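Naming follows writing order (A, B, C, D and E), and every chain is counted from residue 1.
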Amino acid sequence: MSTFEQRRRVAFAVARKDLTIEWNSRILVNQVAPFAAIIMVLFAFALDNEGILQRVAPGLVWLATLFSMLVVIQRTFAVESADGALDALRVAGVDPSAIFIGKSLALMVQLFALELLLVGTAVVLYGVEMSLVGFAEAIVTLLTATVGLACVGTLYGGLAAGARGRETLLPLLLLPVVAPVLIGATRATEAAFGSGGAQVSEGWPWILLLAVFAVIFAVVGSVAFGPLVDE
Amino acid sequence: MSTFEQRRRVAFAVARKDLTIEWNSRILVNQVAPFAAIIMVLFAFALDNEGILQRVAPGLVWLATLFSMLVVIQRTFAVESADGALDALRVAGVDPSAIFIGKSLALMVQLFALELLLVGTAVVLYGVEMSLVGFAEAIVTLLTATVGLACVGTLYGGLAAGARGRETLLPLLLLPVVAPVLIGATRATEAAFGSGGAQVSEGWPWILLLAVFAVIFAVVGSVAFGPLVDE
Amino acid sequence: MNSAVASPRGTGTRNTRILGILTIASMAFLALLGLVFSAEDRDQGSSVRIMYVHVPSIWVAYIAFGMTAACSAIYLSSRNRSLIWDRFAGAAGEIGVLFVAVSLVTGSLWGRLSWGTYWVWDARLTSTAFLFITYLGYLAVRRLGGTHRQRARRSAVLALLAILEIPLVHFSVRLWRSLHQEATVATGGTDVHMDGLMLFSLFFGLISFTLLFLWLVIHRQRSLALEDAMENRGLDAAIEARREEAVS
Amino acid sequence: METVIELKGVVAVLGSFPALAGVSLSVQRGEILLLQGPNGAGKTSLLRVCAGLMPIERGTGSILGIDLATNRQDIRTRVGLLGHTNGLYLDLTVEQNIQFWASTVGASQEEVANAMSTMRVDGRLAKVKAGQLSAGQRRRTALASLIVRRAEIWLLDEPHAGLDAAGRDELDALLRNAVAAGATVVLASHESERAAGLATRTVTVDGGGAR
Amino acid sequence: METVIELKGVVAVLGSFPALAGVSLSVQRGEILLLQGPNGAGKTSLLRVCAGLMPIERGTGSILGIDLATNRQDIRTRVGLLGHTNGLYLDLTVEQNIQFWASTVGASQEEVANAMSTMRVDGRLAKVKAGQLSAGQRRRTALASLIVRRAEIWLLDEPHAGLDAAGRDELDALLRNAVAAGATVVLASHESERAAGLATRTVTVDGGGAR
């Protein structure tokens, strides 16, 4: 077993590597972000009748986040398995929980950037007006939801990465689990945006739910990533 | 240039190969279909307030089709590039338009099966009651929309297949182009379902639009696939 | 376990046959209770009889998934990692999925009768659907391939994660005010508003469904054991054939 | 003597890097030409240019008399390339893979069976998915599906790599037969002794040029 | 003499196929063991079992005294494997790839620089993305990142494949140095002459067994 210090070093190395890959290839900036924006527009096409759109804006933000997340996770593990690097990682004896933490961290950074963009788009397009407290609440919602999503995404992404046909196993595993995040984050965002007359204060219990989810999956992920991915 | 007979043979060979791959790996049946069903559930969950859902059911069917289509296309080209088979196809001098037609055919079969499932789900879940004419209209809508989607999906899927980071390039290219299909198919399905008091007869103009789209992309695809994918 | 493996004719033993007869008898009695003896409901009329299938089957599904998780935990923590625990976990998972399906179907039929629609996107219904999907995912991962031990370890971890979904389903009604019946029986409170016979029938249903579940699980576990044994025998033959490949 | 490959001052770029920096080469029908040279010299790029896969930036070239700059699609129907990757469908069995290539060119069942037994991927292996094969078995399958494509020019990138001792001999025999039947072979290889015994001429590629 | 690899009747399956059908093998510290045998014999599988990547179904084994059945994670920190694939991140440059592996084991900048110059992927190549390298250059990069991992047992699957003539000599020298410094090497190869000159002992793998 590796020491705490070692594990920290490896986790940071992994996170740095993933962010460097993003930096070298600019996939997130050049492709995922526009993709997410297009999703929001598509929703508008499919759903716009009689002002439904304004009411469901927070839900759309989070749906778009989820779908983009699928894409980002697939990419982050495609990178690992393209030339057998995941095998190399495993045989290098790198501590699985350090891999988990590192990849989750990198995913968090990327997701958070994406969500800021999506929320910003929603605010501008739908003319949302937020109070200062609402703004703070929105940021806290983004942060807690992101931690949970990144952890659970990394966990199941890793499991699906080894399997043939991984493009499709991942969503099957992931979507039922992230449903609570979707609800919690949507309700909290509604509170922050004040959609449909919601009060800012109504958001905090949902944020608590998000935090619980994040903690559970951060802990479970660190422990379970090894057995799930390694064998 | 190859003769018509040759081209037909190659197109069927390609389609057969793609369907055999699906048969060998059962990805569509075991994973995409559940994925599509989950999407419908998630949408419903994120958007359900005050009966919005019933009204937008046809839109959801088509959104779910689109997202599953992305997955299927990615898979169909991942299979080509996993071991450089696309290069092998190109250097074997296989007529690109035959590849295009073959892959589109296979995609049509798969998409159509998927859509039947989704529409079936919607009918059961939302308690849609269709007249016989409505039923016929729904089938025609599925068929025409599928041809268009399969053609445009194959075209851009092939273009994205060569590129690094294809997981994200494809949706970016594809989603804006299929927006018209999304609208047309949704309106036609609304007419067939009778959602929001729509009449069955209102659907046919939309189906015409879908047919025009299908024809355009079948023709453009046969011509443009070579230049787009080859270079 | 080995007795089942040794007998090539089936997975039954004397004990399971007794269990099977018990199950059938109690099912028959449950049918009588539900269809004949118990009264119609004041509001719901005859359709309330669906309850005697709907509610026990979801509860038994909880039991099944609980068993999957427990067997998985035992598998992971035991020293010798006996595969029998993995087979019990898998068998219970499969049958649990079956029971959730029964509950979903009966629930939506009931919904059609009492709410006028098969399905609404209410928290209880949706979370039940997610539960169903989660365990479909569990079964999919069981079929991913690899050695028996890989399968066992991977799916055991997943089972421990999946069980977290159950409290979510159970408390969903309170978390999100919903159309669906609030927990009326399993609240631990004293004010149960059900007529005595109804309540009895419900609990009797729980017992008979549990018997059915046990009976199915034992058979399924044994047939899984037979499958594994067949695979082992197949492996012996395959090893022989593989050795022949050597050109020497 | 008929010239089947003719390149003059060909420059071909990858990204912005000139993988080929002015190659001139001419190959006659019936030759077995060996390309040698250090890693990164441009051997793979040269083969891909000849296969019509990589466009040329400067210079002129023709393959089997067809112009490289304008008519690459026609060239491709007449050459066969085995690259560093095998070009197999990993979810198809060995037999299905070869059948697929056979049906694209209209080859008969007999040719398929012959190709499979030549590369010894018949018997048990025929029904194994390509994704489950060992490295050498994949290489053999790729060669078998090349055989059914009946190319006039065989372009082979390190064809011996991964093959076992018997496979190497089988490959050499196969290439000699193909040449006897009128084909031309260009192969890149780092195994100088083995390849030199097979080749009728050796060209050294280095720094994007050929000598 | 210290035994670093000890396998007894090991069976390992891929899907339901016994890739190893009862292998017994023991390797002493300081050996350079060559695995030979036809395609599909089980060489790759044997190396993956020794690396702790592939679980064993029957039999017993220990690597560096650590039990293979129960403690694979601990084995992995002490062995290094070069498989048929290179295990590179194609979007990272050569230098970033090697740096990454160095930082996972805590190797110094000097070791990184040394490894890169040993495998001659320094200079221009250091800043090229791994995905843009030629086949041999990738193999070199993979070897360089193996060097910084400082394994006690080197497991190499056809390490010569793809390397140019100079690279082969460099690799041989590298392996001899590693052994002199206390490592053990097991390599699979089809290039019998070259590998036989390097190896101290040869084992033939065939039909999932070893002789």
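Brief remarks on what is shown
The criterion applied here is as follows: contacts are C-beta pairs under 8 Å (C-beta built on N, C-alpha and C of every residue); 3 or more make two chains touch, one makes a residue touch a chain.
In UniProt terms the chains read A, B = Heme exporter protein B; C, D, E = Unannotated protein.
What you see is a predicted model, and the numbers here were worked out from it, not measured in a lab.
Touching subunit B and subunit E at once are the following chains: A, C, D.
Comparing chain pairs B-C and A-E, the larger number of C-beta contacts belongs to A-E. When chain centres are defined as mean Cα coordinates, E lies farthest from subunit B.
Put simply, the chain farthest from subunit D by mean CA position is C.
One finds 29 Å separating the Cα centroids of subunit D and subunit E.
Centre to centre, using the average C-alpha position, subunit B and subunit D are separated by 36 Å. Computed centre separation for the pair subunit A/subunit C is 32 angstrom, with centres defined by C-alpha atoms. Subunit B has residues 25, 31, 34, 38, 45, 164 in contact with two or more other chains. Counting only residues that touch two or more partner chains, subunit D has 84, 90-91.
Multi-chain contact residues, meaning those touching two or more other chains, occur in subunit C at positions 126, 130, 133, 136, 140, 145-146, 149-150.
Looking at the complex, you find that subunit C touches subunit A at residues 76, 126-127, 130-131, 133-134, 136-137, 140-141, 144-146, 149-150, 153-154, 156-158, 160-161, 164-165, 168, 176. Residues 25, 27, 31-32, 34-35, 38-39, 42-43, 45-47, 49, 52, 55-56, 59-60, 62-63, 66-67, 71, 74-75, 78, 164-165, 167-169, 171-172, 175-176, 179, 182-183, 186, 196 of subunit A are the ones that touch subunit B when the two sit in their complex.
Of all the residues in subunit B, the ones that touch subunit D in their complex are 6, 9-10, 13-14, 16-17, 20-21, 24-25, 79-80, 82-85, 87-94, 96, 226, 230-231.
Per the touch definition, subunit D reaches subunit E in the complex via residues 14-15, 17, 37-41, 44, 84, 125, 132-137, 139-140, 157-158, 161-168, 190-193.
Interface of subunit D with subunit B (complex): residues 51-53, 55, 72-81, 83-93, 96, 100-101, 103-106, 129-130, 138, 149.
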